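Right after this note come the structures.
The same subunit A turns up in both complexes below, where it pairs with subunit B and then with subunit C.
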Partner chain A sequence: MGRDAGRLSLILLMTPFLLWIGLLIILPQLGIGYVSLREKISYDEFSFGLKNYVDFVSEPVYRNTLFRTAWMSILVTILALIVGFPVAYYIAKIARQKSRAALFLLCLIPLWVSDLVRAYGWIVLLRETGVISSTLVDLGIINQPVEMLYNDATVVMGLVYTVVLFMIVPLTSTLQGMDDALLEAGYNLGGSRFTVFRRIIVPYAMPGIVSGCIITFMLTAGSYLTPVLLGGKNSSWFTEQIYNQFITRYNWEAGATFGVTLLVFTSFVVWLGLKLTGQSLATTVAKD
Partner chain B sequence: MYDLSCDRVTKAFGKFVAVDQVSLDIPSGSFFSILGPSGCGKTTLMRMIAGFETPSAGDIRIKGESVLALPPNRRNVKMVFQHLALFPMMNVGENIAYGLQCRGEKKAEIPAKVRRVLERVGLPGVEEKQIGQLSGGQKQRIAIARCMVLEPDVLLLDEPLGALDLKLREHMKIELKQLQHQFETTFLYITHDQSEALVMSDRVAVMNAGRFEQIGTPRELYDDPVSGFVAGFVGDANILAGKVADIRGDEVLVELEGGGGRIAARRSDGSAVGSAVEVFVRPEAMRIGAATTEASLAGTVDSLLFNGANSRILVKARGGQLIEVADPGQSGSLAPGAAVTLTFETRRARAFARRAG
Partner chain C sequence: MALTLRVVLAASALAFTIGGAEAETLRMLTWGGYAPEELIKKFEAENPDIDVEVTLSNNEEMIAKLRATGGTGYDLAQPSHDRIFAAQKEYRIYKPLDLSKIDTASMTPNLLEGVKENATIDGDVYAVPHQWGTSGVMANMKETEGVTGFGDLCDEKYKGRTSMRLRRTILLGTAFSMGMNPFELYADKAAYQDMLDKVTAKLIECKPIVKTYWTGGDDLSALMLSGEVVVAETWDSTAYKLYNENPDIVFVPPKTGALAWIDTFAIPRGGEADDAAYKWINFVLKPENVKIMSASTGAIAAVPNGIELLPDDKQKAVKAAFTEADLDNLKFFANIPPGLEDMEGIALERIKAAQ
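After this line comes the complex of A and B, so read on.
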């Protein structure tokens, strides 16, 4: 009886999760994988093969877009870490107990507004006739309006702004688990601020740093709205290529190939990052 | 010269004075304890010595030099934290080497020093172990080794035995004392456990509400407490409340509350006739036997508490007070309900003015 009830509750608990992961993640991925292996011969006539992938590799524009996206995503991840770490450290270690929850909530507030609206916010600020440009003209600092949209710096800044939160959350929770006595012991034994940071705080926060970086990198590489709206035609973001293949050119086979490639490539970058920093998923993200 | 001196050190947090004009001098190579209940300010005092708090007033000197201007990482006092604070991301060897590296010692000399200190604490060859693989007592010794490898002027220990189980704690008390002898370093130990303080220390300061009540050897504190707080906090004591009925020289005659009769006790402070006092009598000062004139109490045996060498007889006095008598030799002949008379030497009973609360 007890065992049956236990099994029933396990089934009830697992069902929504399995449905979600099965119907919305695994099934579509299988579908995409299937489409990517389909070679179009003529109308409604297909054969199977790796031709789509060969096409992708042999076309430098596609390849370079992927590498560019990866590089910029890594840059965004590093910047988000640099911006997010002090914020997380302040919330977890310096702020008073009372204000911690409020500060954390403050970090979450941007999530209440959709990505799209936030991207338009940046546009309002940065475009040639936008707030910053016209203010600078009014103040006489520059003599004609400047266009601050549609360049890489803007795209990177906008992406950092969008994803930094996902860096702060895991970092804060890791740092909160750190006993202040560890820091004090670090100083007591003769460590300078820098030594304590390098040898105690960073190694302790490593699980948070790694999980934050993985989330941030994956989100950035897969983002679409921010690079397209802030970077315009120049952004050459890889997701834009996928969109073009599916929607503009109606070439589902190529689009699916790009999708699979992005997933495999970003997973490879994450794996490489873990290898290079000597971490593993078991000791970081899945750490209890 | 003193290894560590505090001169009227005061620390106030807003209106609350945590440490109030505390002065102490610790001679080289001695084991000094600060004993007090939690919240008495002992941890704050230790954190000021380590440099994590700045005193509101007063001076702290190490080997005669004021250290108030030095940040924590430049003071040659090392600290064993309450929960040890061993670095979990480093192995044992790295934990110990950390301080040496911070001091900029030559890379080639560090492993030898680490090895030597591990031998001295009786854990040779554990450099490669992770912190999580050590037992409680081993962690303790590593925490001490991590400090001692730096040859500090003073080692501060902040209730490091608190987290251990009873058996290990008893064992570590003796071991700590031996380590202190071996290293010949000045230890400043803070604790709320009087037996730790009594067993290990050369001198003990009893702290209460931010002030030192008494500084002395463990025996002085036990036999010659200067206040009711010290008499009650250090060691076990039966506390009998009453009023001073008469004063004769250095003795007072106390009328016990609840009609328990009169007992004589040593007059230990300026309590006048009629003032409320408490009489402290150690369990081992009590005897069961024939009544003497004034240092005796009549009562009945309430229960026998067997605890090996620490067995007690619980006697209910006529005034209703429960009195512990340490007398394992006599308990065999007694049964609960038996009428007994307790006697004690007057000089071993002390009367202090009653404490507030």
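After this line comes the complex of A and C, so read on.
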């Protein structure tokens, strides 16, 4: 009786989770995979095969956009780590207990506003007739208004701003678990600040660094609004091409192919990143 | 147990029937401005048994939505006339119209014929015209000189101060400005590809001159009104709105012919309120309602005196832009044969990706 009740409660507890994974994650992925294998012959006539994938590989525009998206996402991830680490370290180790919650909240505030509004915020600041440019002209620092939108640097900055929080949160929670005695022992044994940082802090923070990097990389590679709005004429981002295929060209087959490709490719990049840094999911993200 | 269940079922079935008889809902899928609050109130007052629900969208999303639901969920849609034929052939998302229920006599005959020609499959008509307008170029007259068409968007003089929308319209417009006629090449894929290659090369070469590609009317308005952009591809209705705020901004119908679109009425295949839909169509065709509609859309109604029924300020803007000869030289979008949009899509992506 007791065992049955236990099993029943386990099933009941797992049901929402399994439904969520099954209906909202696995089933749609299978659907997308299925559509991506469909080849359109004519109106309402289809056969099956890998033609969509061949088309993708043979068109340099798509390939290059995918590589460009991946490479810029890696850059954003690295920058987010460089910006996020000191913030996380400050919140977890240096700030007083009382102010921690407030600091953490400050980091969260931008997330209360939607992505779209934040992107328009940047546009208002950076456009040729925008706040920064006209202030600089008024102060006499520059003679001509300057356009700061519509280039890659702006896109990277906007993306770092959007995702840096997702780097800070896992880093903070990992660093909070670190015993200060470890740092003191390091200094007592004659380690310089750099040695302590390299040999003690970074290895300890590694689970946080890895999960933070995976989250920010995936979010960046899958973002749509920021690159499209801030990048203007030069923003070819892979998600935009997926949107174009689905919505403006009614080509669900190619759109689905791009979707599968993006998923596989970003997973591959994450795997490669783990291999190159000698980490594995078991020792970092899933660590006890 | 079985009895209670049956009673409950019967009761709920009854409730449904009664609910259905009380009020019918007309669910419209249309463009921003095409269902002004004033007209909806008036319509609901005249037909107390009908509730109007509006979803705002654009051509591509309308078709994507209807395709995803198999044509259900809406009772009236308003795609442009060149988006009926292929969408119907491919996805079967519309149902044939019963023209006897529509007051076709009050529509402009050539627009009606044009739409019918584009939207007839196996003898069934799937769309009738509602509002029309053109795509062309607008220029800030204070800062520019002698702008005549799409070609000026690539003029070295205006480096960093032009804008266009990276969609099929600019491909077609640029082709016309280079002396080609894409509509005549529709039937010949090889020739069309050849034309597209030339247009692509031209637009890539033009990229340093373009400030940015605009994506929506608001985006474009901000660029023009701030003075950051002085020549831009535009819909005429957007240009007329800007003319009200800054009379220096004028719509220029391209010398090679403005590209004209007609937004239509079509009934989705799974529509559940056909009678209400027909009532709405006839309702907005009445002259007193056309005036309210055109004030809201900024476009011209497909009725014989459509231009006179525009509000005064817009009438002035249209007359400032178009001569009779321009109106005769309109190029109406032709039905897009299958496969062409794919070719255009690749061309657009090449332009976007070029550095």
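Everything that follows uses one rule, which is that the second predicted complex is superposed on the first by the 287 of 288 C-alpha atoms of A that agree within 3 Å, B and C clash if a C-alpha of one lies under 4 Å from a C-alpha of the other, contacts with A are read in each partner's own complex, and residues count from 1 in each chain.
Keep this in mind: a residue touches a chain if its C-beta (ideal position, glycine included) is under 8 Å from a C-beta of that chain, and two chains touch if they have at least 3 such contacts.
Keep in mind that what you see is a predicted model, and the values were worked out from it rather than measured.
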| item | value |
| --- | --- |
| Which of subunit B and subunit C A:Thr65 touches, first, second, both or neither | second |
| Touching partner for A:Asn52 - first (subunit B), second (subunit C), both, neither | neither |
| Which superposed partner A:Asn234 touches (first subunit B, second subunit C, both, neither) | second |
| Which partner reaches more residues of subunit A (counting touched residues only), subunit B or subunit C | C |
| Touched partner set for A:Thr174, first subunit B, second subunit C, both or neither | neither |
| First, second, both or neither for A:Tyr187, with subunit B first and subunit C second | first |
| Footprint of subunit A on subunit C - complex, ascending | 60-61, 63-64, 67, 87, 89-90, 92, 160, 166-167, 207, 210-213, 215, 226-228, 338, 341-342, 345-346, 348-350, 352-353, 355 |
| Touching residues (chain side subunit A, partner subunit B) in the complex | 179, 181-182, 184-192, 195, 199-200, 203-204, 206 |
| Residue ranges of subunit A in contact with subunit C within the complex | 42-44, 59, 61-62, 64-65, 127-129, 147, 149-150, 228, 232-234, 236, 241, 244-251 |
| In the complex with subunit A, residue positions of subunit B that touch it | 50-52, 71-74, 77-79, 81-83, 85-90, 98-99, 102-103, 146-147, 150 |
